[in-house]
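Below you'll find a set of structures to go through.
Both complexes shown next keep subunit A, but they swap its partner, so subunit B is in the first and subunit C is in the second.
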Partner chain A sequence: MTTAATPVADLEAKLIALLEDFTQDWDTAPDGGITGESRLLADLGFESIDVIQFMVAVEEDIAGRKLPFNDLVMKDGRYVDDLSVRQMAVFLTKEGC
Partner chain B sequence: MAFADANGAQIAYQQWGDGPDVVLLHGLAANRAFWFASHAQALVEAGFRVTIYDLRGHGYSTMSTTGYSATALAHDLRDLLDALHIRRAHVVGHSYGGGVALEFAAEHPERVESLCLFDSRINRLQPQQWLNDGPALSDFETAVLAAASGDWENETQIGLRYLESLARLTVSGAALPSMGQWTPFGEGRGGKRTATQFVRLLDFTEATREFLVMGAPPARLRQQLSGTPLLLAYGGQSRCVASQRALRDLLPHARCELRADAGHFFPATHREWTAGLLADWLTVETRQVGS
Partner chain C sequence: MTTKTLFIGLDGCTYTVLDKLTTEQPGEGVVMPFLAGLMANGARAKLFSTPNPLTPPAWTSIMTGRTPGHHGVYDFIRAEDKGGEVFWTLYDGRDIACETIWSLVSRSGGKIAALNFPLTAPAPPDVEGTILPGFIPAKHLRRNTHPREAFQRLKDNIPGFDPKELAWDFDNEKQALEKLEDDDMESWVRYHLPREEQWFKVAEYILENDAPELMAVMFDGTDKIQHQAWAFLDPNLFPAEPTAFEQRMRDVCLEYFRNVDRYIERLVTLAGPEVQVFFASDHGFTATTEVLRINRLLADLGYLEWAQSDGSDQALRREAADFANLDWSKTTAYCRTPSSNGIHIRVAEKEGDSGVPIAEYKAFREELVEKLLAVRNEFGEPVIVDVLRREEYFPGPFSLEAPDLTLVLRDHGFVSIKNLSPAVIQRDRPAGTHHPDGIFMASGPGVKAGMVERRRIVDVTATLVHSLGLPVPNDYEGEVPADFFTPEWWAQHPVVIGEASKAAAKRAPTEDMDEDEKKQLLEQLQMLGYME
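So, the complex of A and B:
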């Protein structure tokens, strides 16, 4: 028996809560708060170290296991230009989180 | 979060894979992300267990007031390996991370399967670093030095001062020409947060002085490392090549590689060449260990 994947909206909400905690000491909060459309680099001020640290937080707090984040954050050996909260939620859904 | 305690500091690390251990050390003003995209995952796929971590004062590791000499940071590496139960590893360091790796190997040669230094200036062997130690400046370097005030012709620590100047310019929001190639603080919103962290490290800790502390003397390096497989890979356009020459004279068994068209940040700017070199080196050294 397999467990049904959490709907994307629920995962988005979990990611937003985690992001709010993760960035609480930063001075980069976007106007209107973090939404599904928020992009990590352009809107939240992430740099690559923050991306990989946030992935660790997602693994620990949402997935409870290691995830193949390379497929999400890297393309041709380089970081992707940016990543939205929704893209992350969709990725987590596909991973069965 | 994955942190290990090292002499009172929390060291942020990540580890993946199964197989012989490889530990990757980044340079000043960088963090473990320097290795993540370009090399760490490839090494995992090649059959190694890879550990990357943020040096004290960098990334998500603790910024303490002291503890930034290569020797002190080598103690952090020892504590990290102890915490992760890694008895012996291939150790790879870029820039100042290579200086840390060298001090670790000099202190604990029995824990180093092989040592790989990528464009590391070694304070003991190259105590000063001048503008004319390297070839002509790139357009980007020229712009940085023009925007920052300094008597660059007479600067004895040009590499460190360049990095400091670039960090301060980045924090102030100064307009610098965009570069096609990788540059420090060249990502996200201009790498402002990483630049701010580096400026804090310089302004509020002992790091500026400690970065220049001499490590193990040449006789000890020769004595301790004569049996350690050693790869010295440098960029022909960098101002660290004097360290490669001095290390080669001191440890003639070292394999030396000089990529003529590469600068100091070649693990990022010449990824494929670096990855090929690293894979070849680690594969050969691992095979020899197993035979």
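So, the complex of A and C:
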């Protein structure tokens, strides 16, 4: 029996596919591949410029428009330390992607 | 397909250097003999840059034929003040509000190649041809190449193609405006030799195999090298009896320019004798001898309060970034980035907000202008020679995104925004800085020889469009320089004014940008550690 993918799971899969393409020319690959729990900085080795580029990639390839990423990266007026793929998927769901 | 127009951008190139490199010099010969021949037989003019002569706004003007108030690009970094918080982001290709020449030529049925130009990623979807963007790190070059598959094609077909060698490297580029030790300075110049060779190989391959109607490549090592090595290139500064280090620096700089001459020769030869060739720089170069720490000055004058650090990692990172870090509740005027040379006035949007009440804005600004123009260095000389008001120098729908005031320093230097005293100091050694006068040159069929009156940066776009045989859009702000061409050719090729260029779809003026502006915040704090 198969279960219909939830919007979050669907977006998570899209994000993982995008990340695999996004990191293909990088020297380092994460152990165990990319999952919903993977964190951009701690697990995927992102630097600040990579985060910027990835947000542009999400806007271009998944959302098709600019997104208010500040809602995702700011908590109580401060910047979050890291982001997981799943957190991004939840954010995209809320944004109606 | 046949290439009609070859455009070679030389970032920051200036006649101050070029005139010497294209003439016989004792012990050096003619460093750029091929370019010397083109210059002798071609048309030349100084090219007046954008009011702040800086790479992003100036190249965007060349790419769009419009001034910054219309195309909306002012700096590397874009910020918006939202009454108590200032949000930062980077400009990218989607921020250009006007149609680029790449899109215009494409919808006219032509193909283009645009190599190493800033703000060409993400590429407009309607572009026919190849865009390999500049100012993009190697890790992200594949995804930002247009069309996407072109990256693999270049990799498969160009021997020695190495994205890491070719692409923008933040760790290296941040050194452009830093003070370097001698060995580091030499390495810095050397780093640009293989980089430029990579761009040349890509240009050669595209020109040879695709021959797009508009073939455009930009070499930016000129700018980067001149920032650090100006003292070894400026004929007025290089000593008659140089030290071994000074001579080594001069030699490696000349090696760079010899290479560029070789690239130009190959590309011009490959394009063929029927092709018109144009060269332009986004700005010129000159020596800066002084540093104005503008935010220190504004603090001394009572307009600005520095942020207090809480000692956290985030705060330390923020402190380390050369990027205005202030107590916004106590700041009424400040400079955001060194490259902007601009002062933003914080206006209180509503009662209770920090900043200058809107009713007092004009008087506040005029008083500030007066105080800025009164600043003197230790020799009693004025440090700021002009203060540009945005409505006058940046008219257009994006005027409000310009700094309220743009400073012109007496030595054309860029300000520092570091929290150091005193506000004005002299440099140990002159450094390179941007001068508003760049270069604009042409050669090929119908081009007349000689130096003509200075042109405006937006004239380049009109000239390229005309060279391609296309009507010049009626909203272009520049003109085709008639005195670049022979009377016969000019009579046979009259300028046709056509319909307005098409607005880029993705950009809207400031008031709609609240949420968009807020994106990418996490990275920005860290990012600026790379930028300066």
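We take it that the second predicted complex is superposed on the first by the 85 of 97 C-alpha atoms of A that agree within 3 Å, B and C clash if a C-alpha of one lies under 4 Å from a C-alpha of the other, contacts with A are read in each partner's own complex, and residues count from 1 in each chain.
Everything below uses one rule, namely that a contact is a pair of C-beta atoms (placed from the backbone, for glycine too) under 8 Å apart; a residue touches a chain by one contact, two chains touch by 3 or more.
All values reported here derive from a predicted model rather than from experimental measurement.
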Subunit A as common anchor, with subunit B and subunit C clashing or fitting: clash
First, second, both or neither for A:Asn70, with subunit B first and subunit C second: both
Subunit C versus subunit B, contacts on subunit A by residue: C
Which of subunit B and subunit C A:Gln24 touches, first, second, both or neither: second
Touching partner for A:Glu60 - first (subunit B), second (subunit C), both, neither: both
Partner chain(s) touched by A:Thr35 [first = subunit B, second = subunit C, both, neither]: neither
Partner chain in contact with A:Gly45 - subunit B first, subunit C second, else both or neither: first
Selected from 38-46, 254-262 or 398-406: the stretch of subunit C that, after superposition, runs into subunit B: 398-406
Common ground on subunit A, meaning residues reached by subunit C in one complex and by subunit B in the other: 26, 47-53, 56-57, 60, 66, 70, 73-74, 78-79
Of subunit A, residues touching subunit B in the complex: 26, 28, 41-42, 45-53, 56-57, 60, 66, 70, 73-74, 77-79
Residue ranges of subunit B in contact with subunit A within the complex: 1-2, 12, 14, 16, 31-33, 36-38, 41-42, 54, 59-60, 187-189, 191-194, 271
Touching residues on subunit C, where the partner in the complex is subunit A: 87, 90, 92, 94, 122, 137-144, 163, 170, 314, 506, 515-516, 518-527, 529-530
Contacting residues of subunit A [partner subunit C, same complex]: 21-26, 47-53, 55-57, 60, 66-71, 73-74, 78-80, 83
